[in-house]
Amino acid sequence: MPSIPAAIPPSPYRWPADKRAAVILSVDFDGPTPHLWSARAGRADLLGELEQRRFGPRQGIWRILGMLDRLGLRASFYVPGAIAEAHRSAVGSIIAAGHEIGLHGYMHEGLDELDAAATVETIERATAALVGVGATPPFGYRSPSWQMTPHAWGALRNAAVIYDSSLMGDDRPYWLDGMVEIPVQWALDDAIFYRYVPGTTRPPASPEAVTADWAWEIEAAREYGTLCVITIHPWLSGRAAPVMALERMLAGALAADDLWCGTAAELANHHRLGVRDAGGAELRPGQV
Amino acid sequence: MPSIPAAIPPSPYRWPADKRAAVILSVDFDGPTPHLWSARAGRADLLGELEQRRFGPRQGIWRILGMLDRLGLRASFYVPGAIAEAHRSAVGSIIAAGHEIGLHGYMHEGLDELDAAATVETIERATAALVGVGATPPFGYRSPSWQMTPHAWGALRNAAVIYDSSLMGDDRPYWLDGMVEIPVQWALDDAIFYRYVPGTTRPPASPEAVTADWAWEIEAAREYGTLCVITIHPWLSGRAAPVMALERMLAGALAADDLWCGTAAELANHHRLGVRDAGGAELRPGQV
Amino acid sequence: MPSIPAAIPPSPYRWPADKRAAVILSVDFDGPTPHLWSARAGRADLLGELEQRRFGPRQGIWRILGMLDRLGLRASFYVPGAIAEAHRSAVGSIIAAGHEIGLHGYMHEGLDELDAAATVETIERATAALVGVGATPPFGYRSPSWQMTPHAWGALRNAAVIYDSSLMGDDRPYWLDGMVEIPVQWALDDAIFYRYVPGTTRPPASPEAVTADWAWEIEAAREYGTLCVITIHPWLSGRAAPVMALERMLAGALAADDLWCGTAAELANHHRLGVRDAGGAELRPGQV
Amino acid sequence: MPSIPAAIPPSPYRWPADKRAAVILSVDFDGPTPHLWSARAGRADLLGELEQRRFGPRQGIWRILGMLDRLGLRASFYVPGAIAEAHRSAVGSIIAAGHEIGLHGYMHEGLDELDAAATVETIERATAALVGVGATPPFGYRSPSWQMTPHAWGALRNAAVIYDSSLMGDDRPYWLDGMVEIPVQWALDDAIFYRYVPGTTRPPASPEAVTADWAWEIEAAREYGTLCVITIHPWLSGRAAPVMALERMLAGALAADDLWCGTAAELANHHRLGVRDAGGAELRPGQV
């Protein structure tokens, strides 16, 4: 009979600089692209949702860049190609401050709606857009809506992307079919807390409550030696109340000197150098 | 490469009287009109929702007027034409107390369901109703359900309306295609917190919690130099528990003497005088 | 021009014994009848929801009777005919303790699904069932799901019912087309807070939080001179955690000696004696 | 007339070792099986939900086993056959630590979608899988999604299962048509609090808040002499933040020496020995 492992988790993860746990702040700078993609066959004349999401490039991105500057944090920005082309000065400011820029589709296309050819084409078009505005060829990919398909996985690997940050199969980096996964989780995504969807009934959550829960997540990461990938959107967390709550929380939580903070690309490279692929998982679609 | 802006937000907004931030209390006094509009092809015999919303003109409006009087606040009331005609004494009391009266449709018609001609007709009919009960020709417009179309925008401009207060593209006043926008946001709308929709599963939120979050929004507005447009409905926030929570919160939060409080019309006029249209945005429906 | 009323609300309500405000605890003792009604054309073999709701007559009703006994409170119980016939000893205990028994349909039939003849038949069958188990002919009616139709209103009046307690048009008793309305409100209904509906996503609310909000409602009622009709269900509030939270809250909140507490029938009779029908409202279905 | 029972609840339950109340921790170790069952006619290529649920066998199960070891608790694990076969070392560790293993379908099949023959076949296949990986023949059954049918009840009885733990008709063990029911309740199920369903709008609940409510449930169980069956899932409560909150809460709440803690099988056996079936209820599908 197997016995209970002596340590929890089974084998502790060795973080960069021998830190106890890790936090990555990721910014999905997508503006109105998710709305334009999902409403592409619908009514182009409605302005409510569109203008709400334009808050991101108009104000929110600057609030977040200001917060990161004050905190001395480098973050990972995932930027659809269409946003990069439309908001060059914002993207230039992101690059100039030393943050990472990663792939996030061209128009925030849902992977579950793309066949293999369209998937490849979207990745190529998005890469060209990012490079075209001055970014280095992206190391990483964040899928729109955190969906994934086997053909997207293959196309990313073929495109020399070294990591994905869209799945939730662990709370430490892990190998998955030849790429590194920097895992996310729903509880650390601002959108499902702050977004109100007209026609539904759940109001936005309290920024104080949401960021208090994120502080608890960081405390738990220190307890279990795990990774917190926080995901924010400038049109939501860039508003005054959420960004104030987030900055206050981060200023407190990240003061612990046993936390590693950096970009997803840095952690993916750390994982590639330090952890062999031998124990990696397969994709196994449709399987237990 | 562009550098990060030295100040956040890029250029601070100059508020009236050189205040640090601004708060507008807006009151959508629509009674049963939203229900009658959305149920217009349905069953006219059901009384539950109808009677619930009649609480607004029967009791709620007087509670809110009493609160504003005690706080010494002037507010912006948006009143559908049908309500103005049915509740003349309430509307008269609003005018007599010095509050603003703005457009809110005739029967709370959804703009996404009106073609260009019906949009114009609704605006004209609503204007006539408000003027007919003693209001001055309205300066401003609040769209039902915060939706907007390009043809409504044009019709409002043609109707000599100088501002709209229905969109969320910024958290300071901004020019949008020839009109001033006094922006709202979902987190400051009482309806999505307090309304229970039969057949769905989310119960009303706690008035103490909601108003505590609004106090946090006002604190954040002072931190970032932004605008809070709070929106309440007499049939919801006019009930005893929400109005008590709201009055206590406002009495505390508005004691700060660095806040400008007034009507949306006053702020729109301030913006027209002080900020040229040159930097204004276009509507760009269906675009990033 | 009309001036703002000097007092808020316009004319204070005169409560029994000149108290400052009023609280009624109402108990919808309906067990599985709402489920059986709504699933009547569906699958009769599924046991999950059915057994969950049987907690009411099996355990919850006794917990609530015990709580009322310890608090010295008399409450208004609304009991579908089918429940009265199936659970005679529970109904007998309710009567013996001096509580009111009112109508609540025979099988919790939704009024929006009944034509005029079926409405009359249901009221007659429900009345016969209550009288058959020892109740006095009911003074009052609580509609299933708080819906109402003009023909149900007429049928109740013809059945010598003197009050309804299903609508939300005020927060004091009011005349409505010849009957007294003892108004309810969603924020004081346990079901929408505690019930989890399989297939949906909102979990049950915290009993501590719900009852703290109800204490706030009672405090607000004292501030504005209004009425709190709290509505509970034995299969929900009769569970250990909610009933403990409710008893603790009521023991504190009702200690104020300026509150009137009693049954809905008592308050309806008070209203009939003290407030003439002259100012009563009409039903006006489909109207503003 | 019947009088109010002298004691609440009518007859106190006699718990093992004459304790005042009881707590059972149950673990539904189902990994991706609920998703694979419900998506079985859908798209097998999507990886998002699949990988999220694989967190359970990959990390969550070890976190929970570690927590139970530190707390000195034995729990009841309900394991679909497909999971037992795919994760033998995890199941071996559960058995080695002295926990109970019970039935939970083979692929988490919904009972409402199985006819009588498929129900029998699923129970047989699931039993064979558990026994095949080293478990003793299971004493108990936990239905997927807490649904139940009369033919499943009969099939379980025929399969020599002595208890079910899927229904909510009481908060103490009870006889139901020849088997013991160890009742659950929604408020003690982690899934409806922590799971986010893509395409819906409710975000995950706060682990601190959820476990504080569970502590309140345990306090109420001590007040009323009832049973708390807490249900957790390794892919949800095995994450760092929820498991830290749960361990801290249990360490505090279970310190009371008047609580009985053990497995559902132990309590079912206690009930069989101590409480005759005479007072047991019938299934009565479709009846009040």
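We just call them A, B, C and D in the order they show up, numbering each chain from 1.
By definition in this document, contacts are C-beta pairs under 8 Å (C-beta built on N, C-alpha and C of every residue); 3 or more make two chains touch, one makes a residue touch a chain.
Since the structure is predicted, the reported quantities are computational estimates derived from the model, not experimental observations.
Student: Can you check whether chain A and chain B touch via the same residue numbers (shared by over half) or via different ones?
Tutor: Counting shared over all numbers used gives less than one half: different.
Student: Let me have the rounded angstrom distance from the C-alpha centre of chain A over to the C-alpha centre of chain B, please.
Tutor: Distance between chain centres, rounded to whole Å: 34 Å.
Student: Between chain A and chain C, tell me the centre distance in angstrom, where each centre is the average of that chain's C-alpha atoms.
Tutor: Those two chain centres are 49 Å apart.
Student: Two or more other chains in contact with one residue: find those residues in chain B.
Tutor: Residue numbers touching two or more other chains: 201-202.
Student: Would you identify the shape of the chain contact graph, picking one of line, ring, star, complete or other?
Tutor: Looks like a ring, each chain touching just two neighbours.
Student: Touching pairs of chains, which are they?
Tutor: Between chains, contact exists in these pairs: A-B, A-D, B-C, C-D.
Student: Under the touch definition given earlier, write down the residues of chain D that touch chain C in their complex.
Tutor: 1-5, 8-10, 112, 145-151, 153, 166-171, 176, 185-187, 192-193, 195, 197, 200-202, 205, 209, 212-213, 216-217, 219-221, 223-224, 226, 281, 283, 285-288
Student: What part of chain C is in contact with chain D in the complex they form?
Tutor: That would be residues 31-33, 36, 43-48, 50-52, 54-55, 58-59, 62-63, 65-67, 69, 82-83, 86, 89, 92-93, 95-97, 134, 194, 196, 198, 201-204, 206-208, 239-241, 243-245 of chain C.
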